[in-house]
């Protein structure tokens, strides 16, 4: 399936979208950019921290609400579009449901286990309790209300056409996001035969019954890193931080990198992909699944 | 470390021991037998289902309490020692804290996250609510009280000396048991170099900070299966079911297979290991952890 | 018990397999249920998938003998090997269409006892316990139990409810008590198939297996079985159903 | 600001590294804290281990440049790559000995604000938020924050408590409110080191960095800094500390 079709069919206006769930790596920038290109509106973005992608979706006016622990540009600092939206309502006002990294994970586990809330000690004494209506204190513990995304958008190293995804490196809250979400859209560096994914069922991220789309989108996480495939493009984040300092600068950036491009293949031609590509090999030691 | 030393140091009388957490596979029979040999007393056994090992520890008089969803002999039916203990107090009375498979997992997650309880809909309408004091109904949900084992005893395919364990196949409640437990004792088919385990940090089961002992004990899960290493020894389970039908029969079985043997190496000489060994190869497709 | 062409167990497997709809996510147990799953997959439900509480998802059941669901052949070729709590999460979300539960005894409201015969503190028989049974009974959308038809197994009221069916049999008991799914869809025995009113209540005879009678059912059931409105005959296993189950059961 | 032999940041890293004890499990952040962790590992704390909230456990920090903790060199050689909630589980169990938290502003009771300047509904500045900061502040056994010493950063009271230190500064505030750890152990600034009374309260000057004065500290702090009982001088970075941090910071 093409990314355009996947976003069109499975990420309608108004969706609650979990995206960027592995924190700084494997961020589905290509999918986010496609949402922008399609003029998606009134999204609720759900994630732990977001390294620039939430900022871009907010700046493009796609977002109604942010449910997250941190929104900015990890190596560069504040998110300028996030600031403009929250401070000045530019391009539109957004609602912010603050979380901590742990509490957003628990919100997803609550949804995965289909209970109204899960308890924790984190957030006790924090003013975040007063800004997020889905957090409340009872019996000396914080009850974190369930967050069920309509869709989790996840970038992985490899997947097969049936939706069995292999991802590696730290996974943040990816597993709970996929289990909690109504459906999962996958983008992947490599579309592989089922014999590859099924050779290691322990590494399969989600039950395929949750997965509604598998999109082969190499480089779909740029400028974020992909273990074994791409290094992080630090200078791209730095340039984005500088250019997004003003709304005009952001709009120029957006035109150049998203709106004027038909898709990821064209995007990948606009920078030195080779310099970012991982060339080395550090293979996992295989394990034997034989049964006799 | 030898298994005798590990059990001596880390599984004292009165311990709450999570064991057999992967359900029917990877059951640490060798470790359980060593507890019997050392005359361990007043243990609380914690697990989901137990395929014969709980029955043996109960029959040997090691157990004060069972906190589990199911105790018996999976392919053969009832646990005869469990019956004698629960029905007749032979060799001693035991306390039973009933669970379901899901609720024992939640009890361990509650301990892992250090909260008093976690909510669920499972168990609503079940009389198990009346026999386990750690379950209560509040606001239409069951609150499953946290269960923190003193020690989780886990058999894995391979581990290094620092306690980094690789296990594969379905893992049941192994991950939450290790996270919840105060400490983890590992037995493994292969003691490998750290370069093997660290080649795939996603497959490492537990943080090494939880692991207090790594014991190289090939065949330590017999008669339960070990993916890639050993088939299940069905006839051994069948013979155990037959012999354990009476207390005398069980005691004879125990003498022959546990008490009269110095350890696992001697045990492994008493049956046709070769017939059970997995000879085939079905390797997982490796993944690349390279960073540049 | 058999008419010679098939065994009572084979009939039970065939009946159970027909409860599986194409595309269903099925919580599969061992023995007869896994055969039923195999029959369905290979006949009318090629897109069904099977979950195993040990932490596995499969499409095709293993062609090799399984003593337990944790046996290596059940892992090889699995579509997902994970934690049990993840499998339970899917069921808690209402995504498991059908579950199978074994039981020592079932009562007329579909409640199962696999825990205690006699008082729990001083049991006459200590049964193994719930395992995942209560989870399936409470969380799956609908479930089926298979049982040898004996008066000691089909009892008026179980003394201990491990896995709740329709509780006290009152209409809406499950919903009132917060249980998630609709409960037992059928009790498949060696003599007949019981079903339940949609919103709960007492089991009624839906069909009687070929060669058996209502009197026989009544004589072997621990509660007063009412006269069914129309007594259907259970459809026997088809040739293609038998081929699959016989291929696997060896 | 520097005496020429080292920069203020290098002094801060050295001070922070000394908060790490051998065998500690440390919740490591990026930038200065990861340098502090590297210095400790290579000097007095060879058995320390570092947790990263992204879902990683390490012994040696990567020798390569990291823009973020999710960068590939931080994964290669990791001792555990897992879910964030598992890392948080260890912290919730009280197993994280020391955490580092960054902050836009800190107040005299050690509370950090990384959320809002001005009213949350109509903020003057929207800061990025907690990330894992509040988790560390509430759950780790003790924590340290590093900050440039400016009056706008060291304020009397933060307007929004993202990550609580000692709350309103009353004795026992953390315990009374159910927070797990003992809270902030130190605020390490470009001018001095603040510490706190054991059961909570107001930050006091524990040591002043070489070349700086109490007057300078007072002039750059948003609350009335009390006269310390004895004004120590912060020990400068040792040669071996500098070697490690300079080797990594490039």
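As written, the chains take the letters A, B, C and D, and residue 1 is the first residue of each chain.
Here is the rule we go by: a contact is a pair of C-beta atoms (placed from the backbone, for glycine too) under 8 Å apart; a residue touches a chain by one contact, two chains touch by 3 or more.
As the structure is a computational prediction, the values presented were derived from the model and not from experiment.
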- Just grab the chain with the largest centre-to-centre distance to subunit C, centres being mean Cα coordinates. D
- Item | Whole-Å gap between the CA centroids of subunit C and subunit D | 57
- Using mean C-alpha positions as chain centres, tell me how far subunit A is from subunit B in Å, no decimals. 37
- Chain centre separation in whole Å, for subunit C relative to subunit B (CA means): 28
- Task: Could you put a whole-Å number on the gap between the CA centroids of subunit B and subunit D?
- Result: 41
- Note on the structure: Where subunit B touches two or more other chains at once, the residues are 106, 113-115, 120-121, 141, 168-169, 171, 175, 202, 227-228, 231, 278, 282, 289-292
- Task: Two or more other chains in contact with one residue: find those residues in subunit D.
- Result: 56, 71-72, 75-76, 78, 81-82, 85, 88, 92, 180
- Message: Edges wherever two chains touch, nodes for the chains themselves; is that graph a line, a ring, a star, complete, or other here?
- Response: other
- Message: If we use the touch criterion from the header, which chain pairs count as touching?
- Response: A-B, A-C, A-D, B-C, B-D
- Message: So in the complex, the part of subunit D that touches subunit A is made up of which residues?
- Response: 30, 52-56, 67-72, 75-76, 78, 81-85, 88, 91-92, 115, 120, 123-135, 137-139, 160-164, 167, 173-174, 177-180
- In their shared complex, subunit A is touched by residues of subunit C numbered 25, 49, 51, 56-57, 64, 71-73, 75-82, 85-86, 88-90, 92-95, 180
- Task: Give every residue of subunit B touching subunit C within the complex, in rising order.
- Result: 22-25, 48-49, 51, 68-72, 74-75, 77-79, 82-83, 85-87, 96, 98-103, 105-106, 109, 120-128, 130-131, 140-141, 168-176, 224-225, 227-228, 231-232, 234, 237, 278, 282
- Task: Name, in rising order, each residue of subunit B that touches subunit D in their complex.
- Result: 112-115, 162, 164, 175, 179, 198, 201-202, 204, 206-209, 289-292
- Touch list for subunit B against partner subunit A, complex: 106, 113-121, 141, 157-158, 166, 168-169, 171, 195-196, 199-200, 202-203, 227-229, 231, 278-292
